[in-house]
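Starting off with a structure, shown below.
Chain IDs A, B, C, D, E and F follow the sequence of writing; residue 1 opens each chain.
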């Protein structure tokens, strides 16, 4: 595939490698250094003049380091006369900061979208933004994929009798509905109030889950607090068993263990938009790959083929 | 109040007048003309050099005419050397186009936000955007008010025993929850699928409404189709009586009559963010004024006082 | 012609169709909808990634609707990753608002030029701007055609003995001179004062028209008021017969009839930069097509050939 | 007048001094140097933080030197934290390059307007732009004065019986008409064709000048070629005597002498928007000052008073 | 001091507190949080509408965290309608990345300057940039202070007989010369070649240091590698004793100890542009405060007084 | 080489011609005119739509004329729909104004970089900028060449025994070191203080030059004042003979003669980045051509090949 350059930051080289193998394109190496004063330094390892450059970097932890690294790579590619630069953000962490729900705060998702623009990103390819409106924060064209087909492809192979799709929050209910329709299931939702970042209260479950096998879905699971609270409420409401699914497995600290330890939790299904270290691996954890999806999108962007047709 | 200029487009001079009376500031006149070739022409009627200019214009029907008129007024105020220009948009109609839910469409809310910027708006003051994320579409500072206190102030004066707050759609459920908490009520939601702009299907009601008096809330009611569909589903589910509430009463054609004709609909409560012509008036229709709210916000913006404190 | 996409707004699909036939390129379909709240919605009907997109939309009546439609189409094409987007404006209605001849007004032609830029137009192709300086309002490259050869091609087939070219206004005298030189004729001009948009006074005729056959030229005729006033003055000055010519036939209401009803008016010649509805058709009205001219320009822009060579 | 800073480039310190005396504000000194490699260097001589800075610089010959000097002064004032910077351009030489009348040229007036913006000009104050449309080239607010009242104030003191206003070109005919109306006179125009910058042909005189005293008006006179050609044509048409008037007296080389040498030329009236060196002085040359006009405009801009009221 | 708001990020609250005490202005509190997914969240603690906001944040370690925090604070202040926002960067760490000395790298200092602009900084106040040219990277006005007088004020109190100023590198020699002239001393310089970030070779000492007491100066000391190498070369060249001075005491890991352990090193003098933790304190380490200097500059910026006069 | 257009301003047509011959591409002609009012006019002589345009123009004397000419050519090429426009600046005169070493001045190098951007330059190709940081002033990609290999290629053919590289100033010492390493020589430096543009004092020579043959290097020589001062100091320090080398031979007035008249000056070596008129030719003056270097860079930019590989 001539005229294409695939670069990876340090956030998720495994995903980048998998995408490159899918595309049968070699990964162009990049040198990363850090000065004594903690400033980052990146050097793209090969000529990319007039090339169609894709830089793969989910904003995984440590987010600030990975973001700055991405901005430096974008700027370096621009200065190196790339023809077009696409920031590939399988996980855009700041998407959750998408509204001004308190005075004198930043709508950080918009800010970061503008920082990407300032740094030289001509396009963005991203996946499962926290809300669909975040698409509109970007000043450049965005291809916004979702992993619904990837996740649904897993669940259709399992048992769906007596199953129901449940989401912890009205905010995600529209996506849950879509997911439920793919699987031919009903949907229920928690009525969540956020007390703080790590503390939520779920007042009630809206919808009937009595005796049901719940496929509990959310866009991302970080510390798992909301999810544990939701499982308790669902048990109160008579739900029987649980399969947990999320696109972005942030899964900080012992989130996997805390979720997996209850016997009624059958599996936790996520994707590899974020690297999941070996220390988080657990027999109940299933990680699906989005590399083919991202690879196909890159292929279509490069050749000017329709990307929306990927969703059908 | 020296150094302030209040202007009004032709969309809602009554609201502008009411705001001016609240502020005890005269409305600066504007001349509106239309050339034979249908191009608009606006001329601000008095010197506004170095003034703090507020231009009041909800994007009511005809939307395109009112939008262009606003853009011309912004540009005229800029060319006339205003110190600062605030676009006051009590109703930002294009806010509903806030995501790319089909390929090759415009996220028009973002586009219009940028058009306002290009035309000279230094700030925006708006009210009850369709989704909170739309705030982030604007490149300039935005004060985003809501009419919840105005509407809740009405309902607390009525009967709330056996009442429940219901919204037609998960997308609005978060706001409905907030509204319900102000009134100390539970919440239920329809699970809506949009077939087309005027056709929706509500599959199920999530939450128990049997024997309840429903306060049905939405941000805007245009042709009332969703609302009628919702009322039918609520009746199926055993709901008893209905009070309908929305911030933006677009209320096209005979929407008021169609909603009001059922005996179990007790009242339709809305605000005057959009002018509601005499032909739409109906004994069951109650229009609350947002002029004091907008006036207070303008006062606080002009004097550099906190606007967020208006929400408490 | 691979790599090209021709789109048409709803202003003038006939012209777009004619251009496509000239180019032997199919018109890519677009879906137009209107929400209940009057907001517009456009969806481009086929993939246009990496394509050279031309969007044909004269700003004909209703101007604001057609302008907003164009802006939405530009933004949709940009979001859909078009390689280059050219706004084709056979008639740029706002060009007449090209100066600040009163305090506190907008130079709307400049504003609209900037709105096109904000919405994603990379280039503009237009025809017979009201004044040549308007070219300089656009921040992007503009190809500015004129229909002089099209119109002159008609008149050279007629009688030119005893003919003189007359324009209603000094502002158009330079163009009239050029047109007269093509036809080998003299030129005269009215000395027009505009009282209001629809009322003008022509004080005097500068130049000798006694006994002459006048080819009266202007860039656009809207309600025909200026033209009728001019004809009267020309009759006062002894002119004999009249042929009327304009590039943009806005021709509102009964303008054609009012112009045509005098026996000494032999014909009214215009072009199809604006659609002329069947209700305006009249035996004395002759509509020439600019589709070959625009089609050739699009062809040359797409292939990087000189457009200025079209003028010779 | 606290909070104001008046600066002058090297183009016209006399005019700047006269404006300062009119305003009773001292001129802030500026140091001008030139490096050995011909690069310019400017240093503003006093603190101008948070000040309302006006930089007076007509683009007189040598134009490029004066333009670059202005750009450097603008940038220096911006870097020095001026609150607002107004470029005062009594003569905007590049205004004549206002259209694309040949392929592959620059519309230089637009370019220079953008250069002023890039360099830090927040506003422009200018006078008698070659065409009114050039106002629309500037991205920042412009106050566009004209010297008609200054010039008319001179002529009303002379003999106006049998007088007629004549302009060399249809392009200036609208302004000539306005000027004629102030004086209560008729207007005539030459039909000029430009062969090259210094060569023009005037085919005919449109209007009756037989036995008339012509007040010949134009916006600027450079080498006087057009004017001499026009005088000859007017003599052919029977005109009797001539008074010549222009706003901008560029008057290169021996233009004054060539114009003044004919006995039937009674006087040449211009203003001091451009410095007129002692070597150009001639008994028939009358130079009127625009300093009070510019000074009043600066005063009004600084205090936020209406500038348009200066025209009545 | 009404109308001013001083904010501090988490990089150096002590310095911010000292500046506030110097200015007799209270520090406005800010809330800092971190979401489970590592995204930052900042909330300004008090109304700052129409206020002149200064945000104090040196880019100390961890640089990326402190930079992102600053960008979020800038954006929050802009969204909160601050009248003017000044980023106060006592230490601009990325200034060292000021050139493209290898292919395909970012000139990160320019990039970060642009990021500050994108995030809402209207001005920058900084101190001792690595090279003076970095001033020109910023698109907004910059006040660039230096700590020479602060440092020189210390050394003039010590012994200067037989002293010489030495810098490790030609790149800093101009500043060293200025510093030497303040102290009335000669200057010498190392001829440094950088092998990697932590490894340098100093080939030779240019200048005679035999028997001299060296005041070794540099802008910043990070791991101290260059400095140790320089001391060895100076010892080889016969230098006697050393006093080490730098503006920015990055002083990572055991840099202080390694520098201080040689007996011939008498003292290490730095400033508090960066917080120096108690674990780095050493009897030979002397930390001078730049708070009065920064406070005076803030005072002068706020009141529109000359800042350059601070240097005399 | 299809799809490429090489243009030359009037600054150095000989260099442009030599580059074209090297590339085997014809120079596209440009017409240059000057209006009577001194405004410039340029017209590109052939279609350059969709072409990769390179405009060659060193900022040689008269700098302001050549700069404006370049800006007009850039704008004309943009308006003529060039695909990409590269400003080729073999000598960027304003690079010396790269810092704010006095209050209230412009960092003119940054300003000019922004003017190039405003005028349409998509890229810059330049050579031996006064300081490497100036690269970071440009908002667009820059290819920054140096003539070290060209100059070193000359000196390696001469005698290098007992030779030493000397620079007049610490500011250039890093480059001198690099140059010395290519030649395998030591380096010494003057400690220069600038009194004014044409007056400098060199206090001391740092480094041992006794009995040495000095290759004195600098980036540019204008009036030669610094160089003459340096030679005197070097003689004082016992240097024997001198070869003078600079990249940019500005060489104003009798600079060549003054430098060449001393017998101990063996030769003056420079390049043709600036035209050196026949009146400056001198037996001791050797002018090396950078045309092959610039030509190779243009070739590589056009074809997307690595330019950095030119340096090895």
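As a convention for this text, a residue touches a chain if its C-beta (ideal position, glycine included) is under 8 Å from a C-beta of that chain, and two chains touch if they have at least 3 such contacts.
Please read all numbers here as calculations on a predicted model, not as lab measurements.
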Touching both subunit A and subunit D (chains): B, C, E, F
Cα-superposition angle relating the copies subunit F and subunit C, to nearest 5°: 120
Longest centre-to-centre distance from subunit E, chain (CA-based): C
Interface residue identity across copies subunit B, subunit D - same or different by half: different
Subunit D and subunit F: spacing of chain centres that average the CA atoms, whole Å: 39
Approximate Å spacing (C-alpha centroids) for the pair subunit C, subunit E: 62
Between subunit D and subunit C, distance of the C-alpha-averaged centres to the nearest whole Å: 33
Of all residues in subunit E, the ones touching two or more other chains: 47, 79-80, 100, 103-104, 107, 306
Full enumeration of touching chain pairs: A-B, A-C, A-E, A-F, B-C, B-D, B-E, C-D, C-F, D-E, D-F, E-F
Residues on subunit E engaged by subunit D in the complex (per definition of touch): 123, 141-142, 300-301, 304-307, 309
Subunit F contact footprint on subunit A (complex, rising order): 47, 49-51, 78-81, 83
Residue ranges of subunit E in contact with subunit F within the complex: 98-101, 103-104, 107, 109-110, 131-137, 144, 170-171, 173-174, 177, 186-189, 191, 193, 204, 206-207, 306, 308
List of subunit E residues in touch with subunit A within their complex: 33-45, 47-48, 61-65, 67-68, 71-73, 75-77, 79-80, 93-94, 96-97, 100, 102-108, 111, 114-115, 117-119, 197-198, 220, 222-223, 225, 250, 252
